[in-house]
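Look for subunit A in each of the two complexes below; its partner is subunit B in the first and subunit C in the second.
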Partner chain A sequence: MELWGRMLWALLSGPGRRGSTRGWAFSSWQPQPPLAGLSSAIELVSHWTGVFEKRGIPEARESSEYIVAHVLGAKTFQSLRPALWTQPLTSQQLQCIRELSSRRLQRMPVQYILGEWDFQGLSLRMVPPVFIPRPETEELVEWVLEEVAQRSHAVGSPGSPLILEVGCGSGAISLSLLSQLPQSRVIAVDKREAAISLTHENAQRLRLQDRIWIIHLDMTSGCQLGTLGTNLQVWLIRSRGRPKVWHERSWTHLPWGPMDLIVSNPPYVFHQDMEQLAPEIRSYEDPAALDGGEEGMDIITHILALAPRLLKDSGSIFLEVDPRHPELVSSWLQSRPDLYLNLVAVRRDFCGRPRFLHIRRSGP
Partner chain B sequence: MSTVGLFHFPTPLTRICPAPWGLRLWEKLTLLSPGIAVTPVQMAGKKDYPALLSLDENELEEQFVKGHGPGGQATNKTSNCVVLKHIPSGIVVKCHQTRSVDQNRKLARKILQEKVDVFYNGENSPVHKEKREAAKKK
Partner chain C sequence: MNRHLCVWLFRHPSLNGYLQCHIQLHSHQFRQIHLDTRLQVFRQNRNCILHLLSKNWSRRYCHQDTKMLWKHKALQKYMENLSKEYQTLEQCLQHIPVNEENRRSLNRRHAELAPLAAIYQEIQETEQAIEELESMCKSRQSLALWPRLECSSVIIAHFNLELLDSSNPPTSASQVAGTTGLNKQDEKQLQELALEERQTIDQKINMLYNELFQSLVPKEKYDKNDVILEVTAGRTTGGDICQQFTREIFDMYQNYSCYKHWQFELLNYTPADYGGLHHAAARISGDGVYKHLKYEGGIHRVQRIPEVGLSSRMQRIHTGTMSVIVLPQPDEVDVKLDPKDLRIDTFRAKGAGGQHVNKTDSAVRLVHIPTGLVVECQQERSQIKNKEIAFRVLRARLYQQIIEKDKRQQQSARKLQVGTRAQSERIRTYNFTQDRVSDHRIAYEVRDIKEFLCGGKGLDQLIQRLLQSADEEAIAELLDEHLKSAK
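What follows is the complex of A and B.
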């Protein structure tokens, strides 16, 4: 009843008013059946924005817009047909919005609430605690696409380029590369089974499963820096629904050749920064997908150390990193001339922060 | 409520969108003389897309929602609205059509390109020609 009262008040007072007083500002208005038939999308957004703001939920308006739009079958409020903005919602829809909003009140990220999110034009399923792709990472993919287009000799032949993604999460990077490079093949690796399943599911939803090999593998375990992993048990999922367990001793025995590219958005948060992360991140996303150790470099250096054995000559590594990393990576590479890796370019994200690295292998 | 911050993004268009956009640089002279009808430049390779004046990234100002925090993995923001301004004409486009910042940026450029073309070419713009043809068919 309280909810209905507030929404009725909002209806009569106009949208955008936060209901601090609950005056019943009607005289001849007859009480209607609660909820259904009274509230439109705009009013719902207004109502829940107010609720979220009162409870200190960040992005109050955006969150309520996404939730309401989602229940009405649209991805964003702006893309909703204008006719739907003022049409009354069914009680089922109202209930659904209420349920989803209650999760937002628990600081669940919107992407997990909706169970899906978009990346580079692809719609991907999202499931906690698998890492949610960040908007910056779309630029990483753009950069890789530009570089591949420039090296036109590598494009067009089947199986080319051959790409390794380390830490695939939901599959965002791998699948967007596959969908925009029709000849490419991807090997996607993650140490979390949940990520493997989700990447698998997203690959099938997007009908890209024939060009991706998804491997459940912890790249950092059993590996000493600079040497190949031994006794690695690799569980290979080749999607056509027939899982195959693959025991492997070393990377060089894998049936696919050396890679053209290694791409990764590895965990790069500095360990001391982990506790300052917003509750949305701290409470719902896998910390192993974020924590990069003391200087956020642990997984980055692992990838770089393994790269020379995995990459073709003059193959490339593309990484997303913390803005403090370009310098740290540069120094680290200089301390490891045995790897024959050079930092060739640093690129900024849409907020102007140095965010992406292009490292190239040259030499024996 | 987050505030909108101004961020000038001076990178060439090729850095943001794959080819063929931005491969032609727009002559500054044509921008300064909006009264002159400019022959539309053919956009190579873009399927079904009419020939429109291409945009020079250096004349665009892009705004994202400020308060993005440290960004990257340390942040989870869903406000993907892009506000794009064409400085010479003053035309502003706001796009929050999709849940992807990347897609919104591309869409914003496409919409802005159409508006800018109409601004300079008026009735001669392929945008208006297409509308007239579509209206005739009905």
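What follows is the complex of A and C.
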């Protein structure tokens, strides 16, 4: 209606007014969002898909679907109550969609826009720059669950298995393991404070805070455990939400004893590949969560070096890595017989790339 | 007197079945009506049993008329044979030594037949009681001769009658009247008591017939399973009447699930423009879901003058179709899936994957290579959840194929079918201009389409009718086979 009104006005007022040609109504017409009360979910998705495509935003359709569904209270557009497909939206909803979509136009990842994402069926809060969990990592959790189920003695007794997660990020791996292994305990470690508080928030959201210890700690600073212990201030955030500063002399005197498992999705991107990552990743996610050094092995080798002193006898390490790493890790382990670690299995992800490693400690 | 009896009996619901067929109020005797119905059945088709069962009486007479079925010679003969088999088995198991394996199968058969034999016996006893009551009504002999009748003892007690010597039965009514001191008023009371007795006996026998009927119908293997219900819009030349109709039918089944207190979980929903639906799928779980929904599979046809959408421009009657597929859901053990036979396609297949990529497209496509079945799912944000759903649907489809194979081996002439033969058959027409729904398999019509599409009582009644019809066909088949093997 507005458009016709303006055309009429232009015709009545004559061409002199605007100076430009008679077709001014069309040339100065900005792509307006549809009027409130007349637009349905389907129409909005089409509209914003078009806008995203024009600006070269990848996943144009998926992005607009997730945004519209989120504003209407559903996780996916597919799962939206069919009645809501054609119902007109309120102006608040339209405004909300407009705001979220403008962030997408800035190449912000959808997960940060919505402020949440799903992992293994759990709904987790997402806050930049904390690393967004990838779908492959869901398979890592599946593998760990399978292995734990096979070792029946580990399951069932309280506090077991005791799992260490290195680089917990949003807490995805820790919390999905906790929720599916009701007797387990997890120690989650990350060097970024933002990750620590996000993991804490997600643990509380899922009411798993009683079985997780979240520690702000940089595993890579100082390889010797001795230095690590005495020079470190360890923030221990326990259940009940009261942060406690906790100093500890050394790792070996931790109250919780050696671990059954170490799980990690460490930064494994080769440094030279960092600049080829999509703008969504480069501009919004913490590079420290991605950059693994020259061969992407830096943090991996740190974890493997520390593992023997943290693990029980025949304890396991499960890692997600780059498809080029299985060989590199294998040869690295052979060069370090003092660690008594063996690469036991390599598992492929659902795209057929070797993605996951199972390393076992054997020996003194 | 008898006329009142007729009217009274007509009003009585348990007897509604066979009386409704033809009330001949001019007949004098109660017994006469009873006899006439029997003769009617036999007169029509004495030679061809199946012809009788499938054509004439299943349409003409009320479906609750299990008594009709009972009166049929074939069923009686079948029951007699079963009873004999049961007795021989009992003898066999008690007296003749058999080896372990045979014993187990004989025991199983014995257990199968036990309830049937018991019901058969009860029916025979009750029928005898009826006959006694009838003869008592007709000729008033000594009450002592009818020990089965409750009313005998009541009457005796009430009137403080002395029991006559059964070895010396009286020969005339007056003799009885004289001996027992019955007057006109007492006679009337006697009649009333006899009526009451008749009422209870008839109720009992109807119940027994129903029990027998239920026991005879072969149990479907998958009846208790949950289902995956899929709807797909058909094609018409222009217009979107099919898509609109598909949405209405899907809503109907959703409401029906609610009505039956089942759980309805949406698996897939692909809408069309203007509020229609291309195809959708849902998982329905609860008690006996497959049993109720199995006959909903097939082509549903619609005839209407569309109110909304592209077709509404010209006010003409349009015809459209949509198809419903009902798949029973297997347990994990029923369908073995070898990972080698599967190919999983995801968006992340291209490129480096892992930390290098952040994409939100979590759609999963499963391809089962040996059969070529493809299942897609993008219902969830979590890719692994989409994979789980896709696996579930794939299992259900494979299960369906297994069932198909089973059924194909049974050459069935039934009207009510499940499986791929049924999928392409037009089973029901929804005519909006005439405001009726007709199911073509049992020639059943319902008025008030709007109420029917609400998925409540209307649909439930139709489904109950379908189930009854299917049961009857199953028994007819059973008897037919029995006859064939007897020859």
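By definition in this document, the second predicted complex is superposed on the first by the 323 of 364 C-alpha atoms of A that agree within 3 Å, B and C clash if a C-alpha of one lies under 4 Å from a C-alpha of the other, contacts with A are read in each partner's own complex, and residues count from 1 in each chain.
Keep in mind that, in the parts below, a residue touches a chain if its C-beta (ideal position, glycine included) is under 8 Å from a C-beta of that chain, and two chains touch if they have at least 3 such contacts.
As the structure is a prediction and not an experimental result, all values here were calculated from the model.
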Joint occupancy of subunit A by subunit B and subunit C, clash or fit: clash
Partner chain(s) touched by A:118 [first = subunit B, second = subunit C, both, neither]: both
Partner chain(s) touched by A:310 [first = subunit B, second = subunit C, both, neither]: neither
Touching partner for A:146 - first (subunit B), second (subunit C), both, neither: first
Partner chain(s) touched by A:110 [first = subunit B, second = subunit C, both, neither]: both
Touching partner for A:42 - first (subunit B), second (subunit C), both, neither: second
Partner chain(s) touched by A:134 [first = subunit B, second = subunit C, both, neither]: both
Contacts of A:187 with subunit B and subunit C, given as first, second, both or neither: neither
Contacts of A:82 with subunit B and subunit C, given as first, second, both or neither: second
Superposed model, subunit C segment overlapping subunit B, candidates 63-71, 153-161 or 333-341: 333-341
Footprint overlap on subunit A, comparing subunit B with subunit C: 59, 62-63, 66, 75-76, 78-79, 109-111, 117-121, 132, 134-136, 138-139, 142, 265, 267-269, 273, 277-278, 280-281, 285, 290, 320, 322-323, 349-351, 353, 355
Subunit B residues touching subunit A - in the complex, by the definition given at the top: 1-2, 7, 9, 14-19, 62, 64, 68-80, 95-103, 105
Residues on subunit A engaged by subunit C in the complex (per definition of touch): 42, 58-59, 62-63, 66, 75-76, 78-79, 82, 85-86, 109-111, 117-121, 132, 134-136, 138-139, 142, 265, 267-269, 273, 277-278, 280-281, 285, 290, 320, 322-323, 349-351, 353, 355
List of subunit C residues in touch with subunit A within their complex: 247, 266, 268-269, 271, 273, 275, 277, 344, 346, 348-349, 352-362, 378-385, 387
Interface residues, subunit A side, partner subunit B - complex: 59, 61-63, 66, 75-79, 109-111, 117-121, 131-132, 134-136, 138-139, 142, 145-146, 149, 265, 267-269, 273, 277-278, 280-281, 285, 289-290, 320, 322-323, 349-353, 355
